[in-house]
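In what follows, a single structure is set out as structure tokens and then discussed.
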Amino acid sequence: MDKKRLEKILTEVKDGKQTVKEAVASLLTWPSEKIRCANLDHHRNLRTDIPEVIYGENKAPGQIIEIAKSMLLQDYVVMATRVTPEKAKAVCDEIPGLIYYNKARMLVGNREKILPDRGRGVIGVMAAGTTDISVAEEACVTLECLGNDVERAYDVGVAGIHRLLDNQELLESATVFIVVAGMEGALPSVVAGLVNKPVLALPTSVGYGTGLGGFAALLAMLNSCAPGIAVVNIDNGFGAGCMAAAINRKKVSDP
Amino acid sequence: MDKKRLEKILTEVKDGKQTVKEAVASLLTWPSEKIRCANLDHHRNLRTDIPEVIYGENKAPGQIIEIAKSMLLQDYVVMATRVTPEKAKAVCDEIPGLIYYNKARMLVGNREKILPDRGRGVIGVMAAGTTDISVAEEACVTLECLGNDVERAYDVGVAGIHRLLDNQELLESATVFIVVAGMEGALPSVVAGLVNKPVLALPTSVGYGTGLGGFAALLAMLNSCAPGIAVVNIDNGFGAGCMAAAINRKKVSDP
Amino acid sequence: MDKKRLEKILTEVKDGKQTVKEAVASLLTWPSEKIRCANLDHHRNLRTDIPEVIYGENKAPGQIIEIAKSMLLQDYVVMATRVTPEKAKAVCDEIPGLIYYNKARMLVGNREKILPDRGRGVIGVMAAGTTDISVAEEACVTLECLGNDVERAYDVGVAGIHRLLDNQELLESATVFIVVAGMEGALPSVVAGLVNKPVLALPTSVGYGTGLGGFAALLAMLNSCAPGIAVVNIDNGFGAGCMAAAINRKKVSDP
Amino acid sequence: MDKKRLEKILTEVKDGKQTVKEAVASLLTWPSEKIRCANLDHHRNLRTDIPEVIYGENKAPGQIIEIAKSMLLQDYVVMATRVTPEKAKAVCDEIPGLIYYNKARMLVGNREKILPDRGRGVIGVMAAGTTDISVAEEACVTLECLGNDVERAYDVGVAGIHRLLDNQELLESATVFIVVAGMEGALPSVVAGLVNKPVLALPTSVGYGTGLGGFAALLAMLNSCAPGIAVVNIDNGFGAGCMAAAINRKKVSDP
Amino acid sequence: MDKKRLEKILTEVKDGKQTVKEAVASLLTWPSEKIRCANLDHHRNLRTDIPEVIYGENKAPGQIIEIAKSMLLQDYVVMATRVTPEKAKAVCDEIPGLIYYNKARMLVGNREKILPDRGRGVIGVMAAGTTDISVAEEACVTLECLGNDVERAYDVGVAGIHRLLDNQELLESATVFIVVAGMEGALPSVVAGLVNKPVLALPTSVGYGTGLGGFAALLAMLNSCAPGIAVVNIDNGFGAGCMAAAINRKKVSDP
Amino acid sequence: MDKKRLEKILTEVKDGKQTVKEAVASLLTWPSEKIRCANLDHHRNLRTDIPEVIYGENKAPGQIIEIAKSMLLQDYVVMATRVTPEKAKAVCDEIPGLIYYNKARMLVGNREKILPDRGRGVIGVMAAGTTDISVAEEACVTLECLGNDVERAYDVGVAGIHRLLDNQELLESATVFIVVAGMEGALPSVVAGLVNKPVLALPTSVGYGTGLGGFAALLAMLNSCAPGIAVVNIDNGFGAGCMAAAINRKKVSDP
Amino acid sequence: MDKKRLEKILTEVKDGKQTVKEAVASLLTWPSEKIRCANLDHHRNLRTDIPEVIYGENKAPGQIIEIAKSMLLQDYVVMATRVTPEKAKAVCDEIPGLIYYNKARMLVGNREKILPDRGRGVIGVMAAGTTDISVAEEACVTLECLGNDVERAYDVGVAGIHRLLDNQELLESATVFIVVAGMEGALPSVVAGLVNKPVLALPTSVGYGTGLGGFAALLAMLNSCAPGIAVVNIDNGFGAGCMAAAINRKKVSDP
Amino acid sequence: MDKKRLEKILTEVKDGKQTVKEAVASLLTWPSEKIRCANLDHHRNLRTDIPEVIYGENKAPGQIIEIAKSMLLQDYVVMATRVTPEKAKAVCDEIPGLIYYNKARMLVGNREKILPDRGRGVIGVMAAGTTDISVAEEACVTLECLGNDVERAYDVGVAGIHRLLDNQELLESATVFIVVAGMEGALPSVVAGLVNKPVLALPTSVGYGTGLGGFAALLAMLNSCAPGIAVVNIDNGFGAGCMAAAINRKKVSDP
């Protein structure tokens, strides 16, 4: 394609349809353009997979409204993460079509433009405690906005191992797992010992004192004795969702 | 299957072919057995994917020899990681068929029993500096032992970004990337910005002073501004290899 | 018991009172059920020892009210920890029977259902400074809700060693000690040097600067030169209470 | 007793059998003596429970020999911890009666003077991985020297949860557990979720990179979501043994 | 004295003025009493040197008022540290005689009862930046309440070394120095290189980012290349004042 | 000059125009005066380069007003950093001539007294993300107040490397770079790999969880694999500006 | 230049001297080639400024010899850092022309090819203690290999401030300073307070205990109260030399 | 004196005995000379108090010999710290008059030149455990070389508080205390609670795991609840000795 456009320019030069000066002008920006093109291709892919996202943490409602409005003009789903109920209300008052997922603390627009499921299978999202659910839901809503099927299993922490084992079916069927835990962060190790699919460990800042804002859980996950685990940043539900979506993609070269 | 075996026992009880006492005896161990069975199924899967591995760091040659000998009797590939050349020599003198990968510091046995490639595509393994190659090779040899195709791109660190961009083809073709870097650990972010496949970031302990034995690189990777990255433990080439193999598996429910 | 139920099912199959299909249905869920049963037994034990608890830190009064109401229907004591006076007032306005322990910042319901003392002896709870009392009281109220006798000795920090030695009687009579200290966390070492019973060290976040939110005290306690000490998380009065109650239980196999 | 001795002195003063000067002389040292007495009582208790111990880490064989010889004259068991095989050989060559436990890296003398089991029940010592066994054995040998019955369950790490569940009997019978784990340190949480007895979590320095020499495991254990857990210092098998022995003591006021 | 009281009791027993039972009663509490006496002697000393102090950080005005009122009945100066202007106003409204030092954020009562200067000389208090003055003043007011002469030299940070050298006279005359600095904490090293008296380094939490709340300054001070420096906790002006007063005491055995 | 003044005094002594006593008086303060003079010379230089600055973080509007008013009487530009919009409004209401740069959160007075550009060239200020712009602008406004030409390139983070490469011209023309980044802090390494001028890396506290308030970025920058990088404190835009101005100075011995 | 080559190709296409296919072939690699070209230009610059360097820390003599031999064929100076005397001897035995700087622990080859001094002035390298000299010399030799004039002032630590002030001349004449210090790392702040040129702070790992392998010095330097300081990695003499050389370059656009 | 020399020069100028040029020459170096003089005065003081010291840690025997030889020519005591027995032997073989203190790991020369005791009283040096003795002895020998009387009380750790209380006499008589402890570092707090003299806390690196090489003890000491404590670097016996000597000096203005 790139090559075709290049041939076209050169042929036009050869044929006298473009002057050398015109061709030089368009080719001079070629290098970064080519990389940008690569990125645009990439972006096209991303469009269907990783839609634009607004990190709402330090943004005022006005800023979110402004960015969201311009994004909604485009042809794909729009997400804003870490939006408090108060901010969400202010934004929704201004932009009627948005949906607020209050567990996930996310705002979603153009939801009708999500592509139908194209992944290889269902993604299992498991959370250890009830306080981990907010982060888990950020991963779930991200995944659903990226067109994936998600199955949730919450409150399956290791202090009551039978609760996890009750989810035998999900353990067997999912193509990839996101396992969310704070405090001692042990759940991903146990899950990875029961399945042979990739497990994404998502530590949360749930805990106090020596929990170190999620570092205790993070370190536990990085040191798991079970192979087949990789870890994302503390409380990074969005990042875990993007990674799981990338893994679940049906044909890796698909857009 | 489990169900079938259960039906068989019950039918035999019904038909008087087993006494109640006999059935009780075999069913009493059912629970852990069932979990173990799940694991055995899982183990069967693992057999073809994650062969047994010997962590050689704190083991004397004699210990490695003893474990390796018993493993080699089985039907699948055997790996030992973190084996110094001296240890490797001592072990190979005793067990002739082993192959020593000195860059990866790994010993491999039963290499002929590796299953032919069954992954979805090639796995790209990129390393920032020459000192990262040892860890990268541990990932590569692990992947190859698990039956995957690997393509290497070494010495493509961010301080000379053109070296990375020269690998355009690999960037476009691989199904999953393992990106290895020590020091500032920036390479995974740059790669993830150029591709739309999952990127496994593998920090190494290369560096000194504020490198903190790989923590600087690890933190950089966990905080990547590019979505679609997950991280494994410092210097954990084996773990990165297992995770990448799990992602690359052709049909996720395949053995 | 489990065995009996199994025999019963099998006998009924043998006798034609159950079909094989019915038996399969009930036995298929056996494994996790058996573990759950173990847990239920365990839960039965717990019912009398570690009642349900609500962690109040990040919960709104409405959430506490909702959970508490459903718990109060059950037959055992109900505790909520880390409840501020404001939250407590809001909850008590809605649920009249609750008692608020304001030093311990705990709400307790169904207090009349606490089982009478069944422990092996009195539990000594000692606190170094007046600012440690809140955490110490969380341990005390937890212990009392679990049916233990507690004796308090507060303001016995090491900077005035005679204050500790004045409690000779308690030092000699208690079966287990919870020793609470912030800042330099030295008290558990001194106590463990005077007694031959188990000492649970409970660090608090009292202090500033290099106190590191309780880490200085925690590290001191983990490095105690006196044998017979174990440590719980910073400010974790509830956890210390549960552990001390488990140690104090009269017959270990008692419910 | 103290009181009796005091009455005796005073009566002798009253009866003119002691001069005031003599009584002053013996009473002037009373305070520290009384404390020392308390300690001596305590020491008498300890004699049967926590025998003298030699920390062998930084001691030359000569130093160990000198201390051990003087201790062996006394009437109770003698332990030396963290003794390498080389040091052990040097010491045993000099002092014939000693026994070397090479897994526990401990030397024990006067073994025949260990009091017969006087604890409330068996102590369960569980270890996650094979590399944790050395630390676990230090706890076991310490416990046995203190007259306790110990039951071991090794290689029961959470990455293969069925291995742990196979030890149902031990999980139900022990009076107290020492649970040993390095790396992610998840095992104590899982065990504490299955039993209602006190669990002592013993982190080991097994691991690399982000394992931080055992800190990852320690933090996980301190942040356990299961109540009834307390933690000792990294690799401190001796300390865990002392604490478990104190908990297991049949009558808490027993010597 | 203690001895005298002991002789008196014994003589009375001998003379039949006390029964044995009475003597036993008063001597039984002897040990801790003696230690307490030592402490009372000590406390008597302290009365003139380290008056009672109220740590105001986490106390409500009402609590400060209550404690202060009871202390003011006694015969010596009363201090409250870390009192905000708002709290101070509330307390002063209730207790008229108090003085509020707003730079030091301290409340002082019974100021007229401070003993006249009894130290060996003047104490030099130096501060690097204007933001360090609050902590420096806490040290100064503490010292003055303990009856010491203080000379201040503020804004003499190392980034303008001539400002420090302008205080040649103070550098030569003081008997002990308190040197206060945040950020890089370099001032104590420079001062200790210019004088041959003891230097107390007092780190402050002034700074941001890598200042780590005063840890950067603390570490610098602990690692000073100049001998004759010792360090107190971050922002601990009161502690530095107490230590300097102890050093400055004219006759060390003086009350 | 110093020498000339010294000669003058000595000549006057020789000529009897000054008594020895008068000369002694003026020479006695010579040492610190000379150092102070050196500093005054230095200060004269600084006057044109690093104008006085008010650190606004912990100052009330009243304090800023008071300091600013006295500074504005002098002959050079006045800067206040870290001033919130609210504080800025309060200050500007009182001192009309001030300009508020709200992105940089800086107040500038006497702007007309900035010396015209005297640097060796333009300074390139690059920022990775939009949230880094505030810190970048603090550097820019500082530089402009010091008389430098600044060219900005924002939102050029490594996750989209083409955005950086689009600034080829700036990469080639600037004499020194300030490269601002939070999160993984990778941008300075990439820039330093593309240019051969000094690169000042300026980490920001942008991020969460393992970002550690900017430490992840700082560590990455200190461990850069590209030579020619030096680092300033987290969020220290003012410091980076001062350092870049010092580097850019046309003739190093210029005032 | 790039543009000229592009025009040439296009003109040849227009003129039929190249086929479209040939032009496509050469232009397809344009992007990375252009970046590479930029880098080559850059490399040309580097050739004269930052010669190739071998990091000798973890390399065996044989590896150093192999790399050095191939580098020596080129036209510029060759450096190897962190070479122990033993390694140096082994290398020099094999490659006669090399010079070993034993204080700097560096090997230098092709020394005659260093370009004559082209910097703007002398670079001042100051070190606090004698143990910092090794790191300081690494910076000095690097600078000299890059064609700069260096003036050293060693043993000028802040604990004897007069030693620093004795170097008044150097303080006034240098164009840029590298200030080397371990332990409390205070020297750069003092120097930056005396000069108005850029100061590069170079922390060393000299110290023990709380020195944290150079982190105490690093933190002090990052938190300097003096503007105009930037910092490099601990013990990174080579990096400091490269940065100082970049700053000192006479004309910034010079090769 | 300085003044006198100044008057002399000026008088000679006035009287024509010196030319102006000559006077300028000698006065130009006045400033740094004056500071140096101050330091020389100071050095004179130090000569009798803090003799020259050789830090032996990273020095070869040859280096120690060379420095020691030149120092021994001077008129005061010479100390070398952290000298292993092997190094000591090598040095003593070469320099016969030296004394080796093997517990303190120090070499002392010119011992006969130590000034007789001129301190205000005895200095108490207390150590918690036997492994702390080496560091304590470094403090003791330093103090004795500085002419102080030292009284030792070792093995008085807080786990057996009666051992400390047995030293009542020393607790009452010493003018200043150095209290040495590793592990939990609790001893200084207890001592400071019993005495009203300054207490220098000296943490040691004794311990393992969470001891963090002495940081646990250091943090405990910095957070002591007892006023009148200051802390030195980990294992810094020499520094503690210098500080205690400075405090103990009889007349603070004495040399």
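Labels for the chains are A, B, C, D, E, F, G and H, by order of writing; each one numbers its residues from 1.
As a convention for this text, a residue touches a chain if its C-beta (ideal position, glycine included) is under 8 Å from a C-beta of that chain, and two chains touch if they have at least 3 such contacts.
Fair warning: this is a prediction, and the values are worked out from it, not measured in the lab.
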Inset, instruction - Count the smallest number of chain-to-chain hops linking chain C with chain G, moving only between touching chains. - result: 2
Legend entry - Over-half contact-pair match to A-F, picked out of the listed pairs E-F, B-F or A-G: E-F
Legend entry - Rounded Å distance between chain A and chain C, as computed from the means of their C-alpha atoms: 40
Legend entry - Where chain C and chain F are represented by their mean Cα positions, the distance between them in whole Å: 56
Inset, instruction - Quick one: report the Å distance separating chain E from chain H, using the average Cα coordinate of each chain. - result: 25
Legend entry - chain A, residues touching no fewer than two other chains: 31-32, 35, 38-39, 160-161, 165, 168, 193-194, 209-211, 215, 218, 222-223, 233
Inset, instruction - Sort out which chains touch which and give me every pair. - result: A-B, A-C, A-D, A-F, A-G, B-C, B-D, B-F, B-G, C-D, C-E, C-H, D-E, D-H, E-F, E-G, E-H, F-G, F-H, G-H
Inset, instruction - Would you tell me which residues of chain A are touching chain G in their complex? - result: 2-3, 6-7, 10-11, 13-14, 16, 20, 23-24, 27-28, 30-32, 34-35
Legend entry - chain D-facing residues of chain C, complex: 35, 38-39, 42, 45-46, 49-50, 120-121, 165, 168, 175-176, 193-198, 200, 218, 222-223, 227-233, 238-240, 242-243, 246-247, 252
Inset, instruction - Please name which positions on chain F make contact with chain A in the complex. - result: 131, 160-162, 165-166, 168, 208-211
Legend entry - Residue ranges of chain G in contact with chain B within the complex: 31-32, 35-36, 38-39, 57-58, 203, 205, 213-215, 218, 233-236
Legend entry - Interfacial residue positions of chain E with respect to chain G in the complex: 128-129, 157-161, 183-186, 189-190, 192-194, 207, 209-212, 215-217, 219-226
